[in-house]
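Chain IDs A, B, C and D follow the sequence of writing; residue 1 opens each chain.
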Amino acid sequence: MQKVRIGSVGLGRLGLAHAENIALKIRHAELVALCDVDTAKLHQTADKLNVPHRFTLFEDMLSLPELDGVVLVSPSGLHTTQIAAALAAGKHVFSEKPLGVTVAECKATEKAVEAHPDLVFMLGFMRRFDGSYQYAQQKVAAGEIGKPVLFRSYSQDPEKFIAGAIAFAPHSGGQFLDMAVHDIDLARWFTGSEPETVYAIGGCYAHPEFAHYQDGDNVSCLMRFKNGCMVFLFAGRTAPHGYNVETEIIGTQGILRIASVPQKNLVEILDCHGVRRECSENFLERFGDAYCKEIQEFVDCIVSGQKPRVSVYDGTRVSEIAYTCKRAFETGELVRF
Amino acid sequence: MQKVRIGSVGLGRLGLAHAENIALKIRHAELVALCDVDTAKLHQTADKLNVPHRFTLFEDMLSLPELDGVVLVSPSGLHTTQIAAALAAGKHVFSEKPLGVTVAECKATEKAVEAHPDLVFMLGFMRRFDGSYQYAQQKVAAGEIGKPVLFRSYSQDPEKFIAGAIAFAPHSGGQFLDMAVHDIDLARWFTGSEPETVYAIGGCYAHPEFAHYQDGDNVSCLMRFKNGCMVFLFAGRTAPHGYNVETEIIGTQGILRIASVPQKNLVEILDCHGVRRECSENFLERFGDAYCKEIQEFVDCIVSGQKPRVSVYDGTRVSEIAYTCKRAFETGELVRF
Amino acid sequence: MQKVRIGSVGLGRLGLAHAENIALKIRHAELVALCDVDTAKLHQTADKLNVPHRFTLFEDMLSLPELDGVVLVSPSGLHTTQIAAALAAGKHVFSEKPLGVTVAECKATEKAVEAHPDLVFMLGFMRRFDGSYQYAQQKVAAGEIGKPVLFRSYSQDPEKFIAGAIAFAPHSGGQFLDMAVHDIDLARWFTGSEPETVYAIGGCYAHPEFAHYQDGDNVSCLMRFKNGCMVFLFAGRTAPHGYNVETEIIGTQGILRIASVPQKNLVEILDCHGVRRECSENFLERFGDAYCKEIQEFVDCIVSGQKPRVSVYDGTRVSEIAYTCKRAFETGELVRF
Amino acid sequence: MQKVRIGSVGLGRLGLAHAENIALKIRHAELVALCDVDTAKLHQTADKLNVPHRFTLFEDMLSLPELDGVVLVSPSGLHTTQIAAALAAGKHVFSEKPLGVTVAECKATEKAVEAHPDLVFMLGFMRRFDGSYQYAQQKVAAGEIGKPVLFRSYSQDPEKFIAGAIAFAPHSGGQFLDMAVHDIDLARWFTGSEPETVYAIGGCYAHPEFAHYQDGDNVSCLMRFKNGCMVFLFAGRTAPHGYNVETEIIGTQGILRIASVPQKNLVEILDCHGVRRECSENFLERFGDAYCKEIQEFVDCIVSGQKPRVSVYDGTRVSEIAYTCKRAFETGELVRF
């Protein structure tokens, strides 16, 4: 079988992980090109992974005829432009979240995707590829917990990465766009419904820097969904214990909790601190396997001609909701969708 | 030492438990009188516990000269009248929550209590007497988790008691008054602050009967407290697994969870259902010890002349907040305190 | 009802707890006498608990005519002599474990107990009065886990009390007699069977002092019981995390674990050490409630004329087994009962 | 880079998993041949995985010139013969456990391996490649838990696979050889020491069939290791809850438990059965990742010329110990190594 030839853009922490996965772990795929403005890192990574083509300009990469698809792990502000350009060049596209930094951009991207029905477009909501989330979602979809009553989801980054978060604050779009988008995606996926109202609060509990960007270091919102389900989301940047992504869905006949202890592995330690589990340090440790599986789905869809489970419309919808949450947070008012 | 002679009013499930505790477990106390309209149950209980005086009218009980104090486990609508009458008769008063069914009643009760500075008045927020809650609250008060960011508290009654809850619905005042008052009390106790705003939602997910009383079978609210702390409360009547009272307090430097698994005891079972803990069945199983400790504090305050930790003003304040939550729930609007 | 008037002997840590329980918590009981060679502690405790009679000689206490029963928390070497004297004086007797320090002593005590069929004699295997152990034992007895396959029980004292353990080593009789007796009692109670063989090992892993007494700081044994059940016991003095008493019983149809996490309370902490439960610090924290319930059973038996669930023969049998384990440990040979 | 061309032998459950891993997941490897006596399964699997060469005779497969190495998942009784033949034919060899069914065979295999120092030989103790076991072993090796006191390890197969276990009983060699070899390997790996004594017991608690082969459905042993560490192993075939492989290592300064809850994933369920985790169903679910990593190490060693971490001598030593445990079990006597 002919392998899918991929070029990957962006070599930050997640970009590096994607590049290594494509080069070493994804079936039916080949990493043929890398693109990054940092030429030292570009060549170091390309050498290590035996990648023949290296680019500092995205447009140059697109002109590589043998390229079948691109994986975008570039800054959020570049996503929609790069998606459009890649599609126009006839390349399949996998883009990391968020789809775009404005809803207008997202809508324009919908048109671009619609204009290329033969090309695969997929958005990186990796939690949908995590085995535990999939197992839970199937139980909910099968009606095992009855009617959804409350969906609660937390995304907490460890305090020890706060310097990076502060440096990135001007470009992050705020916590609802930067972190809660994953929880918004999960809420729609688990409940099969859409929000009607949102009330959002929070603040700078430890790091006043985020206030400059009308953001907080910890925020939350309560939403009413159209099917009546209550949705409570919490996003924080000061977790003392590690990277904590946990979700609970309370139904009328059962309750599921996913990763309520963000355990690093199956080792339990009994020492002077008590009986304890060490926690995942970051998203790569927690979702390393899911990051592989999402790219595998991208490649499999290219090979089979099927559509990925996450569509461009999911990307737009999640962005719209995240922006509405952000507006609710900034105004302090109850917002109706 | 002269024992404190107590008369207890109301022989429902909790009333019976209080009567037994006073008769058998509370130091420096003696159960000398019981009052209930159900004469069969009255005499049966009094015989079993060797209680000499039995009444069907509260006023008659108050005229018993040797009575030092009363414990009110009567219907909520009678609390404030009975408190006033007991104080006027020179008796110390312990009243179950809620203080009253209107804020005006609560305010009037404040006056009654103020008019008898020599008498002990105490309200039954038993969770403050639970060892795990006390342990956690002390850690928070000592600053061990830094600044409070999010306070989350759940009160869930088991689905199997739903018939009783439906029967009681006309008199319960709704879930914010009936159940969430405990969580509201905890929120004020743990954060040392008061609410500024509240948004409340919910509905009848399994039992439409509650809608007749503008109530839901599951409700929640998100509040912003004056110190900035986010407070999320959830109250439900359809828990599939048992009686679930759990609380989490996320601080900038640590997180505490109290009873995140509502375990019945220390037994873990490994069988065809997996690895599991059975859950507490009801409030008496979970808080049996706390119910003793609160009455012990009441008695100890009578003996020592000290004031209980929970004042009449706490009762009024919690009722005000619960009513505001109820109004937010009924109107669907964001309410500012 | 006439209260049972008790004299308590020995004011070490557990002795103090028993004295307080009898004075303050046990129904139908009165603490009328205390006995200890440390007169300062004797008077301090008696003053605090309003105990009228104080003795430094056990024989003097026995001559107190109003005394109904004695609670022995004295050094192990004195148990059998004191039991015999108390019975001869017509007093009911509760004795802490072990029954005696030799099997001959235990056998002699059986005769003394048999000679006074009207007097209550009870031995303090408090774990049988712990709610979690009782809950588990009832499930096993009801056949809920099928046929017992493996019974495993650990008793670990915290390293931080090692100085006391070393000081007590000359008198402890070794870990099988000092600690594992509780696990031996549980094994007999849960399996309803008796040992056939034992192989015992261990050593001084951290504290060579115990070798002077042919003991170890950590020991274990594997026994085959007559019903075929495998029994593995482990006793240690160097637990880094707290007081750890845990038991597992594997059956053909289910498995039960009691206190596999020796949690202090229901508080879970999430901080830089991970997600953790703090542990019980000592036997009083873990078994405080059971210590009350066993004395309550003693008192209730005196009042009702019933026999306690733990007989003198249980005490002898457990001692015989513990001595056999000790011999197996000292010789390194497989021993058959 | 030239890929390592592998032929895999045996298409039972684990054989199939290895074949799929080599074909789809292992880097620098290619599955070029399959061998099984069941021709239907042989061709079905080979077709699915695009494997060009198919054999029913192992000797025929060895004559394939392009073959670099073989993976043996054949019946235990064939291992040593096949290993010798493959080495003689100049092929690298990965063999599933056990190395052989007699110690003499194992010793002969040592000679065969020594005679081909240029060829990679590796034995499949997959637990050493599990992330949680590796994490724990590194902590132990780094001295983080002090001196090892007790090593306890359980291997339990689910009752629901009992029919297969009974059918396989004549060939399994008994539970010490069939299951406990993994725990024996772990004990040596974690403690860095070797056994001195062993006492082994057990029986047929639910399935008398195993007695025909001098085996039990549940067995255990207690060993004293040369460094003084106590080692308790338990192997069972009647686990009611799933596939349960758990290990605990108690040290003088800390305790580690690996997989004390054999959880299937990170989902916690709260329903009428309590708060629970579902369990792993079988070894492939629990150790799927480790099975990949061990074959990857085999391939990487072929490519790099390094030696695998598990040597032929480990295989012999584990077999010797397992046979000694078996003898102890059969005789009921304490056996010294």
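Please note the rule applied: contacts are C-beta pairs under 8 Å (C-beta built on N, C-alpha and C of every residue); 3 or more make two chains touch, one makes a residue touch a chain.
Everything numeric here is computed off the predicted structure, so don't read it as measured data.
> Compute the centre of every chain as the mean of its C-alpha atoms, then state which one is farthest from the centre of chain A.
Using the mean of the C-alpha atoms as each chain's centre, the farthest one from chain A is C.
> Looking at C-D and B-C, which one has the bigger number of contacting C-beta pairs?
Looking at C-D and B-C side by side, C-D shows more C-beta contacts.
> Pick the pair from A-B, B-D or A-D whose contact list overlaps the A-C contact list by over half.
B-D
> List the centre-to-centre spacing of chain B and chain C in whole Å, with centres computed as mean CA coordinates.
Whole-Å distance between the two chain centres: 38.
> Using mean C-alpha positions as chain centres, tell me how far chain C is from chain D in Å, no decimals.
Roughly 43 Å separates the two chain centres.
> Would you give the residues of chain C that are in contact with at least 2 other chains, written as numbers and ranges?
Residue numbers touching two or more other chains: 145, 239-241, 253-255, 260, 263-264, 269-271.
> Given which chains touch which, is the overall layout a line, a ring, a star, complete, or other?
complete
> Where on chain D does chain A make contact in their complex?
24-25, 27, 131-132, 135-136, 139, 145, 253-260, 263-271
> Spell out the part of chain C that touches chain D in their complex, as residue ranges.
Per the touch definition, chain C meets chain D at residues 145-147, 149-150, 159, 197, 199, 201-203, 205-206, 218, 220-222, 224, 228, 230, 232, 234, 236, 238-241, 250-255, 260, 332-334.
> For the complex, which residues does chain A have touching chain C?
It comes out as residues 239-242, 244, 261-264, 269-279.
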